[in-house]
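Below are two complexes that have chain A in common, paired first with chain B and then with chain C.
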Partner chain A sequence: MFDWKLILEAIGMIIYATFVGFIFMGIERKAMARIQRRIGPPIYQPIIDTLKLLGKKESVSHGFIYDFGPIFALGASITALLFLPIANFQLFSSNADLIVVAYLLEVPMLGIMLGAMSSGNPYSAVGVQRGLLTMVAMQLPYGLALIALIQYYGSFKLSDIVALQSLHGWSILVPALLIAMVVFDIVFQAMLGLEPFDIITAPAEISMGPMVEYGGKHAALLFTQHAVQLFAETAFFAILFLGGASNLLELLVKQIAVLFIAIFIASIYPRFTIDQAAKFFWKWPTILGIIAVLLTM
Partner chain B sequence: MFVDWIVGHAIPLLLFIPAVSGVIAWLLDRDSFGELKDVFGLIGGLSPLVIIAITYGRLGDGIKWTVDTGVFKLFFHLGYMSWYLSAVAAVVAAAMAFGMVSTSRSGYEWMFALFSVSGLLGVFLSGDFAGFFLFWELMTFASFMMVLRYNKGASLKYFVLSIIGAYAMLLAIAILYAKTGTLEFQSLRGMIYNSIYGMVPLTKTDTILVYALFLLAFGVKAGTWPLHVWAPDAYSETNQSYTSFFSGALSKAGVYGFVLMFILLGIKLYVDMGTFHGHMVFTYILAWLGAITVVVAGFLAVLQEDLRKLLAYSSVSQVGYIVLALGIGSGIGFAGAFFHILSHAVFKGLFWLITAALILRTGKTKFEDFGGLAEKMPVTFAMALIAVLSLAGIPPMAGFASKWLIYEAAISAHMPLVAGAIFLGSGLAFAYVVRFLYSIWFGQRPSDLEDVEEAPLPLLIGMAILAIPNIVFGIAPGLAVKLINKFIPNSGVAANGYYSISTGVGTYNALSVTLILVVGLAIAGLIYIYGAKARKIPVTDTYQSGNPVTEDYNLSIRRNFYRPLAEALEFWLRYSFDRFYARLARMAEDFADSLREGFYNGNVQSYSWYLAIVLLILALWGVL
Partner chain C sequence: MSENDGFISYELQEFKLFEPLFRWARKKSLWIVAFCTGCGGIEMPPLFTARYDLERFGMMPNPAPRMADLFLITGYVTPKTLKRIIITYEMMQDPKYVLAHGSCPINGGVYWDSYNVVKQLDKYIPIDVAIAGCMPRPEAVMDGIREIMRKIETGEADGWKRYRENYEWYRKNQDELFGEGWREKDAKRWLAWL
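Right after this comes the complex of A and B.
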C-alpha cells in the first residue's frame, strides 16, 4: 500500500533541504560580509537565529489568517520541493510537471502576502503591493524562459528534461537556451528576493515590508520557509539549465555556483524602484526571452 | 417510470420551466402573496439542475426534440457537449436562484433572470440556427432588462453592442442560408463540407465574410477585446446575484458560438484561409484576440477602484483564456477551454455572490469604504478564500487544473507568445485577487461597518453550491476531463482515474499535490504549535515606525493601491476603446441631429424643392 522507501526519502529530503537551505542563507551572509571586507557571522548563524526565534516566550497574533499565512507558505514550499526530482531521488516528480512546479514555487509568496495583509500594517501593505507588482513584471520573461526550455525539449516533465540533458549535454550549451538561462537568471534574482530586485522586503525603505509585523515563532516559520524555498529554487535552476545531478554532492556544487552568481550580482547593485523594475523586466529580459523562444521554435 | 418521462421530455422541461415560473413569480408580485414569488423563482432556478442531473448517463445518442412552428421547424438536441454546457449553466443558475432569494427586489427581476436561464439553455440545446438566434435574442433581451432596471446608460451600451452583434450574426446566417438552403446544423455542416469540392456555391469571399461576422457576433457576447467595453458597466450595474449567472454562464454563450463556428465551418475556414507558420489562420486570429483580452482586461482589473468593476474586468480576462484556448485549435486546447468554462463559471459565480452579500450587508462598492470584514463575515470570507485560490490558480483548485491544460496546449502547439500572455495574465490575476482580499477583508474596519452581519442563509447556500465544484473538480480533474472526452474524441488529454490528468508530454496528479500540501501544512503547523502560545492583539496595535497608533488614523491603503503600475503604464492607458466608442456614439448622434435639422427645417419651400428633386431623378431615370 504505502511506498515506505519513498516516504522515508521524502522525509529525509525535507530535513536535508531545510538544513542546506539554512547553510545557503549563512553562505549568503558570509559572502556578502567578505565582499564588504567584514568577517561576518559563522555559516550556521541562520540556524541559531531561527532556534532563538522559536524559543521566544511570547508571540503575538492578529488573528487566524495572520497565523495561517506563514504556515501556508512553508507548506507550499515543502510541496514544491517534493515535486522536484532532486539528484538521484525522483520523489513525487512523476506526478507533476514543470508548470505545476513553477506555480508551486510562487504559491508561498501568496501565503506570506495573505498573512502580511491581515496584519493591517501600512508597511506590510506597501510590501505586498511591491511584491505583487514585481511578480506581474517578472512573470512575462519568466514564462518565456520556461517556454523556450519546454519547446526545445518537447516535454513538460522535469525528469525528462534532466534525462535529455544527461544524454545531450547541459541546456546552457545550446545557444538559444543560454539566452533563456540569462533571462531566467535575471528573474531568479527577483525570485530569491535579492538586490537589485529586493523591492519586496526593502529593509532600509519599508522596514522589511510584508514581514514587518512578524516576530517569534511566526518569523521562525518564515525563516524556515525561506530556507526550503532557497533550496528548491536553486535546485530548480540546476535541473532546468545545469543538467540536474546524479548525486546530492554534485547538485550541491551546482546550487552553490548558482547562489554565488546571485550573491555577486546582489552585492554590487543598488535597489530598483518598483516602476523601474517593471520597465526593466518588460524591456531587456522580455526581448531576450522572445529571441530565445523564437530560436527554439 | 417518472424518470423516463423526464428524460424523454428533458428539452421542453429545461426550456419552459424556468421561463414559466419566472412569469408566475412576476404575476405573484403582490404583498398578499408574501414569499410565494421566491418559491416559484427557486423552482425555476433549480429545475434545470434537477433535470440535467436526472439525464446524466441516460443520453444515449442524444435526446432530440422537434417543434414545427409553421414557418420554421425548430430542432433541439441534447448531446454530450450540450449536456456539459447546460450542466455548467444549471449549477450557476441554481446558485443564482438562492442568491436572488436574498437580493431580488421584485418579481420583475425574477422573471428576466429566469428568462435568461431559459435563453441560455435554448442556445446550448438548439440544433439549428432559427432556434439558436431566437433564444440568443431572448437571452440578450432578458439580460438587458436586468441591467436597465439599475442603470440606463450601461444598459443601452450593452444593448447597442449586443444588437450589432446579433444582427451581424443574422447577416451571417442569411448568407449561409442563401447559399446552402438549410438552417439545421447537421445538414449545414454537410453542405459546407461539400462546398469545398465546389458542389455548393459558397465562395472564399463568403466564407471570410461569414467568419468576420461571426467574430463580431460572438466576440461581443464573450467580451473579446476590443468589444469588451459593455461588460464592466453591465456586470456591475445590476443585481449582483444575477451577475453570477450573467458573467459566470451567459458569457459562455459567445464562447459556445465560437465552438459552433469550429464545428460547422472549421474545415471550410481552414481550406479558404490557409495556414500561417503551421497554425490555421482562423484559429490563430482567435488565439491572439484571446491573448490580448487576457492581458488588457487583466491590467485594467488591477487598476480598478470599485469591487464590481474589478470583478467585471477579471471576468473579461478569464473568458479571454477560454477564447485563447479555443484558438489554439488542438484537442488539448479544446479540452482546456471546456474545462475553463466550468471552472470560470464556478469561481466567478462565487465571486459575484460574495459581492452580492457584501453589497446587501454594507451597501458599499468602493474599495475605500471597506475593510476588516473577515471577522464580521467569517463564512463569506472562507468562500471568498476558495474563490480567490481558484481564480489565482493555486494547485488543488479547479482554476489551476483548467489553466494547466491551457498552458500545456499553448506551449505544445508552439504558440510561445500566446503562452507568454497567459503567464502575464496569471500574474495579473494574482495581483487583482490580492487587492480584493486586502481592501475588503483585512486591515482596520471603518467605524460604520461595526454592525455588519453575516450573509443571509440563502446566499450562503448559493455560495456553497458554487464552492463545492471548485474543490471537487480541483482535486478530481479527471472527472471533468472524462466528461469532456465524451464529446471531444482524441483530445490528447487522458484521465488516469479521477485524480490525475495527463497530456502525453506532461502530467498533473491533483490528489498527490493535495495530499502533499496537507502534509506540508501539517509539518508547518507542528512548528507553529511547538512555538510559544500566541497572544491575540487588535490590528490597531501595530508597528508605525515606533509611533503610537490610534483609531483615528486609517492605516490601510485603500485608494490607488497599484499606483506605480498605473504610472508604468501611463502611455498605454491614454488609449481606450471605451472613449473611442463614446466618441463614435457622439459623432453618430451629431450626425443624426444635423440630418434632422437639415431636412426637417420647417421651411415649406425646401419641402417643395425635395419634391422637385425626386421628380427630376425619376425623369432622368426615364420613369416619367
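Right after this comes the complex of A and C.
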C-alpha cells in the first residue's frame, strides 16, 4: 500500500522548493541589476519566463534522448532535494546520504549534457566539452572539502551533522572547517553556473552553450530544474556549514545569505577561460582543501 | 502544400482556458534574439544599460534563437544578411514577433538607390511593429516595445500566424530574390574553399 503521507509531503516539498527556487533566481537577477545601478526585473520574473516558455506553440525535438535529457536532469535534482533534511523533516535517509546528495547534485549537469549532445549543434558540443572539464576539475576540491567535514564529524549522515552542529555550534566556527567552507564556496560558484566559472553556458561567448538548441517546453523544464537545483544547492550549503535549520524561515534566511555571497562574487568577476579554470581548481582550492583535511586528522 | 495544412488551423490548438494567462506572460517576458543588423546594433546596448533599463519589463537579450520571442531588425538589410535573418526567424519558436527599427527595413531609407539593400522587409518576413527614425531614440524603441506589448495583449501581433498562413507568398518573394534552392546553395558555398 502507498504511504500517502510521504507522497503528499514529497509533493509539498517539491512545490515549495520550485517556488522558492524561482524567487531565488529572481533575487539573483534583481540583485545583479541593482549592483549595476539598474532597476531590474520584478522578483517573480523567472515564473513569468517559465509560463511563457510553457505557452509556446511549437517545440523542436531532435529525438528521444533530446527530450529525455531535461527530464533526467529535473528528476535528479528532485531526488537530491528529497534526501536533504529541510527544516526538521527528512523524507528519505540512508547511511551515507551526504555522498548521495553530493553526487545527485552533479547528475543534472550530465542530463543536460546528454540532451545537448544529441541535438548535434557544434555550440552545444563545445559547451558540453567545457562543462565536463569543469566538472572534472571541481571534483577534487569538492571532494576534499567533504572529506574534511566527514572526518571532523565522523558521520556520513546529514541529520547527524545537523544534530552535532546544533550541539557544538556551526561548522564555520571550527578553523579547519572554515577553510573547507572557503573551498566549498569556490566550488559552489561553479555548481551554480555563476561567474567566474560560468564557462558552461558562457552567454555571448559560445551562444548559450549546451542550452543553445533548447527552446519552448524543453527550456521551461530546464528553468524548473535550475530552480530546484538552486534551492537544493543552497540548502546543502546551509546544512553542511551553517548549522542546518529548525524551521523553514531560518533555512530561508541562511539560503539567501549563501546566495548573496555567490551573487556578490559573480557580479564583480569576469569569466575564466576553461584552461584557467582547470588550473585554478587544481591549485588554490586544492591546497586549501588539503590543509583542511590535514587539520581535521 | 500538404505539410502546410496542419499550420493553418493553429487557432484551434490554443489552450482557450489559459490563453489570457499565457498572453500576459508573453507580454511580460519578451526575449530579444541578439542579432544586430547594420548601424542599429549600437543602439541596442544603451537599451539594456543603467539609463534606459529594459530589463524592468522582463526583456533580456538572448544569444540563442530557439528561446527568443522578439526579433529586432536594427538597420538596413542586405540580401546576404536577409538569408541569415530568414533562417534565424524560422528557428525561433512559435509566438514570435518582429520589430523593425529605423527607416531602412521599412522602405530602404537612405539606401533607396542601392542595388544591394532590401527595400521592403515586409515582403520577406512579417513585421509586427515598425519604428521610423535614423536612428530612433531609445525612447522611440521603448514606445515601439510598448506598442508590441499592447498588440500581444489584444492578440493583434500575429506575424507568426501570417507567416504560417501565407508561407507560399513569402517563399515566392524569397526565391525571387535569391533564386530557387538558396538554402542548400548557401550551405554548400564554402565547401569549394575549404
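Note that in this section the second predicted complex is superposed on the first by the 291 of 297 C-alpha atoms of A that agree within 3 Å, B and C clash if a C-alpha of one lies under 4 Å from a C-alpha of the other, contacts with A are read in each partner's own complex, and residues count from 1 in each chain.
Keep in mind that, in the parts below, contacts are C-beta pairs under 8 Å (C-beta built on N, C-alpha and C of every residue); 3 or more make two chains touch, one makes a residue touch a chain.
Just so you know, these numbers come straight off a predicted model, no measurement behind them.
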{"item": "Touching partner for A:Ala96 - first (chain B), second (chain C), both, neither", "value": "first"}
{"item": "Partner chain(s) touched by A:Leu51 [first = chain B, second = chain C, both, neither]", "value": "second"}
{"item": "Partner chain(s) touched by A:Gln229 [first = chain B, second = chain C, both, neither]", "value": "neither"}
{"item": "Partner chain(s) touched by A:Glu213 [first = chain B, second = chain C, both, neither]", "value": "both"}
{"item": "First (chain B), second (chain C), both or neither touched by A:Val60", "value": "both"}
{"item": "Which partner, chain B or chain C, touches more chain A residues", "value": "B"}
{"item": "Which of chain B and chain C A:Gln255 touches, first, second, both or neither", "value": "neither"}
{"item": "Partner chain(s) touched by A:Met117 [first = chain B, second = chain C, both, neither]", "value": "first"}
{"item": "Contacts on chain A seen with chain B and repeated with chain C across the two complexes", "value": "54, 56-60, 207, 212-213, 216"}
{"item": "Residues of chain A that touch chain C when the two form their complex", "value": "29, 33, 36-42, 45, 48-49, 51-60, 203-204, 207-208, 211-216, 219"}
{"item": "Chain A contact footprint on chain C (complex, rising order)", "value": "10, 13-15, 18, 21-22, 25-26, 28-29, 31, 34, 49-50, 53, 55-58, 62-64, 66-67, 69, 92-95"}
{"item": "Chain A-facing residues of chain B, complex", "value": "302, 372, 374-375, 392-395, 400, 404, 407-408, 411-412, 414, 416-417, 419-420, 422-424, 426-428, 430-431, 434, 437-438, 441-444, 500, 503, 505-509, 512-513, 516-525, 527-528, 530-540, 542-545, 555-557, 561-562, 564-565, 567-568"}
{"item": "Touch list for chain A against partner chain B, complex", "value": "14, 54, 56-63, 65, 67, 70-79, 82-83, 92, 94-100, 103-104, 106-107, 110, 113-114, 117-123, 125-126, 128-130, 132-133, 135-140, 142-144, 146-148, 150-151, 154-157, 207, 212-213, 216-218, 220-221, 224-225, 273-275, 278-279, 289-290, 293-294, 297"}
